[in-house]
Amino acid sequence: MHADSLVIAGRTFASRLVVGTGKYPSHAVMAEAHRASGADMVTVAVRRVNLSDRSKESLLDYIDRERIFILPNTAGCYTAEDAVRTARLGREVGLSNWVKLEVLGDEQTLFPDNIALLEATRILVREGFIVLPYTNDDPVICRKLEEAGAAAVMPLGAPIGSGLGIQNPNNIRIIKAQARVPVIVDAGVGTASDAAIAMELGADGVLMNTAIALAGDPVAMASAMRLGVEAGRLAYLAGRIPMRPYATPSSPTTGLVTSGAPEQAGA
Amino acid sequence: MHADSLVIAGRTFASRLVVGTGKYPSHAVMAEAHRASGADMVTVAVRRVNLSDRSKESLLDYIDRERIFILPNTAGCYTAEDAVRTARLGREVGLSNWVKLEVLGDEQTLFPDNIALLEATRILVREGFIVLPYTNDDPVICRKLEEAGAAAVMPLGAPIGSGLGIQNPNNIRIIKAQARVPVIVDAGVGTASDAAIAMELGADGVLMNTAIALAGDPVAMASAMRLGVEAGRLAYLAGRIPMRPYATPSSPTTGLVTSGAPEQAGA
Amino acid sequence: MHADSLVIAGRTFASRLVVGTGKYPSHAVMAEAHRASGADMVTVAVRRVNLSDRSKESLLDYIDRERIFILPNTAGCYTAEDAVRTARLGREVGLSNWVKLEVLGDEQTLFPDNIALLEATRILVREGFIVLPYTNDDPVICRKLEEAGAAAVMPLGAPIGSGLGIQNPNNIRIIKAQARVPVIVDAGVGTASDAAIAMELGADGVLMNTAIALAGDPVAMASAMRLGVEAGRLAYLAGRIPMRPYATPSSPTTGLVTSGAPEQAGA
Amino acid sequence: MHADSLVIAGRTFASRLVVGTGKYPSHAVMAEAHRASGADMVTVAVRRVNLSDRSKESLLDYIDRERIFILPNTAGCYTAEDAVRTARLGREVGLSNWVKLEVLGDEQTLFPDNIALLEATRILVREGFIVLPYTNDDPVICRKLEEAGAAAVMPLGAPIGSGLGIQNPNNIRIIKAQARVPVIVDAGVGTASDAAIAMELGADGVLMNTAIALAGDPVAMASAMRLGVEAGRLAYLAGRIPMRPYATPSSPTTGLVTSGAPEQAGA
Amino acid sequence: MTIRLNGDQVELAAPLTIAALLAHLKIDPRLVAVEHNVEVIKRARYETTVVNEGDEVEIVNFVGGG
Amino acid sequence: MTIRLNGDQVELAAPLTIAALLAHLKIDPRLVAVEHNVEVIKRARYETTVVNEGDEVEIVNFVGGG
Amino acid sequence: MTIRLNGDQVELAAPLTIAALLAHLKIDPRLVAVEHNVEVIKRARYETTVVNEGDEVEIVNFVGGG
Amino acid sequence: MTIRLNGDQVELAAPLTIAALLAHLKIDPRLVAVEHNVEVIKRARYETTVVNEGDEVEIVNFVGGG
């Protein structure tokens, strides 16, 4: 299993599950969920310091930075310019040059503006960033992002926070078949089987926030997601049986101690 | 987690995954897959001893009976009479009075003959058997089986060996909502996410054979199924987020350092 | 098209859509919806005459009996005895010996009690009835009903009135492949594409009530259902293209007036 | 029904089904299929005249130009430049300024290169073309195309010629909810129910080629598609019933002539 | 005399035929079916079947259903 | 004498007990179950149950199944 | 003289108009479009546009497509 | 003097360095990033970068996000 690590831009991650830090009931629950998830990379947002209320604990106090790599995002940015600016600030806080690049194109769906995303990717790659762009499930834009130097591509499974699961499995499969960088399914997972499905389609990892943070029991769901990702990955590597429309028996069809009805032969 | 054991007829099982013993590449692979699966109950078939070739190793030599409970089945029986006869023989070999009761009604689908199944259940319950009937995903027949004394009901997810996954999730959910005995989804699972889905629907366990035995790597798939069952169970207990047609952001929509476009407010 | 009529027990129906008479906003809307649906068979329930209020118009005044064949049902019966009694009464009112046989087994799902259904089928066939039993999507019980003399089998697509659509398409396909009597998908259709799907699976007809009667515009939905059934039937007969995971171009890949990029050859 | 025409760029079409002219067994079959489909707009490709073999009949001889509007496409073009060039040629042949704009980004999927597509749309709109761009099911790119002056947006349902049906219904629904120009689902339909589903999602029309041309009986399938589109459209306008997990009876639950079992009350 | 009619106790002056009962109730016999003591009565027998004290009679018709 | 053993005709010298039959066939009695004329024979009765001419005997064990 | 016609080298006797070229090729001008050195030529200009040595000409029509 | 700090007008006594501003605000410089007139300021330059009248300063940190 050690050989099956996720490697992005030369950095090795033990877990194929990447989780967020938003919307948890409390920082303490988040920290416990992070432990349960097994994730060694978490996303964070870059926002103005709250100057009027300095009493708030820092998010970073609740992230085990020994074990967990911090991936700043550009969530909430609707232009390449804003995303680039946010990425630069995130780099300065975080002391790493990685960024989960979001350039949104629509408030209702939070779907990416892929044209601006590509532009921002080019700029940030030129500036030495390790860019992980959140994109939609389009193999063509994924290839363009890869060609622009993205370290991974992160197609969405469904709208952020929707919990709908992988809406277009065929596209995820095609993106993986074409990609030469890791494919991380980002957004849309609702429950553990969704995470397993993403991995069974060949994804190299899954990124999620809401499905854990807003679950009835975030810590239990974090465990479930860890198991789901591992289950899907192992099933993908093991090679599943083909689907058949009819049955094939699991037990021998001869040697039965029965009254010798003719139908046994065919069972 | 200890408290979340599967209890059938007063017997406690640590694992909610029940696996078969048929169709493996070898007895050795089977034994290793059993270990990887974590299952502590396995099914076996009852067949005539091969008198012409006594060289074959015994299946039982490859089952860790210290750890694993053996559940004889009546696979291949097409009448209540044959199934009862086979169950009685299985009890005599196995020194337990449990039986996975199959009474088949069709060779192509291996779907149960629920009328004969119910009759055989009544007979065997009267004889003191612990009966786990394989049935179809019909809440009405499941209730009749329960009323006849079945210790669990085992609705199929899809035809045996088909790998199609849970064909009718709504029915499994309804069966679970009505049942007062454990519900084990038996047959049809193809990959780890299918097992997770079964558990997320509320099933108390999953029984499978072909999906592991005929996987490219049965041992890896056995691990995947163990993880899939655990993932689905935990997700079910944790309580998943609701599905929404549109997005809800994971990161704060205020405090962005950006050019102040009006759309940020709504993001 | 004339040759493609639905024939049940020697009687020819021009339409493969059978509709109900319950739950419409008014008798007038029902009559108009019946016309729009093109159906020439409708189901009715058998109930006590309302003796305290004789002012109500008769349902039959709103059914064009010249064109439409009336199929009494045994809806609401939970035992074979009650269903048989209701069928006999229906025969006496209706002057035909046809019956849509329902023997329910569960109030929440209105799923059939297939054992009692089979018993009632046997009794009514012996009494000369043309029996069309509402059953679940189980090929084994469908075959038993056929062997018991049912003139058609009517597997459910989903719970009555649920609008969920065909929950288990594989089972409907298998039932049709095995049946030697017409297969009518009864219950569960929610919209026109559901009806089309039922027919594309090979069903000989579709029976529905709620999807039309409770639609926003029952008359328009009746037209939609007529078209959906015809569309699905024609597509089934025409033979659909196979599914492929990737694309195949519709336009020629040679003869383009372009700058001669190498990718054109393969497009 | 007259009021429910499809209007694109001020031109009214009686049919919401647009069909292709490629891959038919013969021109004669195509012409018959066109009649059966009811379509009054068909797509054609622009290709070099075959100078070595002038014996071939002209495609146009088999299109009833009195009734059918011809929509030239830019199929096979992989750059904005090639697509623009092809569009200009098509305009010169066809004596209309409409174009189905394809700019492909990948040979395996024939998915569009949305960036080049947007660029080509801008150029052609500036030149006075009525541009109907084939795009993917991304609401953001659809809005950009609309803003660039596209007369309709034509998101794909699945890869061209794949017959997979609408892979991401949620996205089609969202695109329609946001669009102020007609939404035509272009590509991916395999059978009549797929066409109905597209329309039930709110699409204004469906464009297809392979599903008809390569069906077992293209003429019958053309009829099926016509009916499927009409069925879906009517169902959409009529307003379908909501989905429910459990049943609701279609027949009255009182007034039964039965032995008075308590369960009747609740049925 | 009292009979049980469609589940309710009903008072009648004297025994009467099914035909007379239907006429009394103003029910068109062509649109209903009648059970007399759990036995379906054919129309041809309406004139000859007599309802007596304590009998159970069910009169049913078609209503909307699915 | 001839018996029917697991569906096949088998010749044996003389009547013998189930225990003797299993020993003759070199079958470990702890891993099988035995039916004698369609009646399951408990292990405790192997020594006392005698197989005679024309009897049917089934000897089964567990094999891989699902 | 040699021109490039629909991607192939073609020999012609002398410079000629688009109209003459189409006539030479027996192509009905109403069913095609013509590009001359990557510029689309309107039908009105077929009589006045001359194809010379080394020119590129594309003649296209509609074919079946989706 | 007035500066624009995180989008709000803020009064300060006099020009001061980024380092002094952070100290004034009691902000640990290791947990934030600072933009001065839309230019990100490296930590090494906090002591030497001076904030003057009318300048725009943004001070950001990490918060929960997905």
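Note that the chains are named A, B, C, D, E, F, G and H in the order they appear, and that numbering of residues resets to 1 at the start of each chain.
Here is the rule we go by: a contact is a pair of C-beta atoms (placed from the backbone, for glycine too) under 8 Å apart; a residue touches a chain by one contact, two chains touch by 3 or more.
Predicted model only: the values in this text are computed from it and were never measured.
**Q** Farthest from subunit D in C-alpha centre terms, which chain would that be?
**A** F
**Q** For the chain pairs A-B and B-H, which is connected through the larger number of C-beta pairs in contact?
**A** A-B
**Q** Based only on mean CA positions, could you tell me how far subunit F sits from subunit H in angstrom?
**A** A distance of 93 Å separates the two centres.
**Q** Report the inter-centroid distance (CA atoms only) between subunit A and subunit F in whole Å.
**A** Whole-Å distance between the two chain centres: 61.
**Q** Centre to centre, by mean C-alpha position, how many angstrom separate subunit C and subunit F?
**A** Comparing mean C-alpha positions, subunit F is 55 Å from subunit C.
**Q** Counting in whole Å, what is the centre-to-centre distance of subunit A and subunit H, each centre being its mean C-alpha position?
**A** 34
**Q** At which residue positions does subunit H touch at least two other chains?
**A** Residues 7, 35, 58, 60, 63-66 of subunit H each touch two or more of the other chains.
**Q** Which subunit A residues sit where two or more other chains touch them?
**A** As it turns out, subunit A has residues touching two or more other chains at 20, 22-23, 45-48, 73, 75, 85, 89, 108-109, 111, 159-161, 164, 170, 174, 209-210, 213, 245-246, 249-252, 255, 257.
**Q** Let me make sure I understand the interfaces: which chain pairs count as touching?
**A** Chains touch in the following pairs: A-B, A-C, A-D, A-F, A-H, B-C, B-D, B-F, B-H, C-D, C-E, C-G, D-E, D-G.
**Q** Using the touch rule from the top, collect the residues of subunit C that touch subunit A in their complex.
**A** 170, 173-174, 245-246
**Q** Help me check something: in the complex, which residues belonging to subunit D touch subunit G?
**A** Within the complex, subunit D contacts subunit G at residues 20-24, 30, 43-49, 51, 54, 58-60, 70, 72-73, 75, 85, 88-94, 160-161, 207-210, 213.
**Q** How about subunit D: which of its residues touch subunit A in the complex?
**A** Residue positions touching the partner: 105-106, 108-109, 111-115, 118, 136, 138-141, 143-144, 158-159, 164, 167-168, 170-171, 174, 178.
**Q** Taking the touch rule as given, give the residues of subunit C at its contact with subunit D in the complex, in rising order.
**A** Subunit C residues touching subunit D: 20, 22-23, 45-48, 50, 73, 75-79, 81-82, 85-86, 89, 104, 107-111, 159-164, 187, 190-193, 195-197, 200, 209-211, 213-218, 220-221, 223-228, 230-235, 237-259, 261, 263-264, 266-267.
**Q** Mind listing the subunit E positions that touch subunit C in their complex?
**A** Within the complex, subunit E contacts subunit C at residues 5-8, 25-27, 31-35, 38, 40-43, 58-66.
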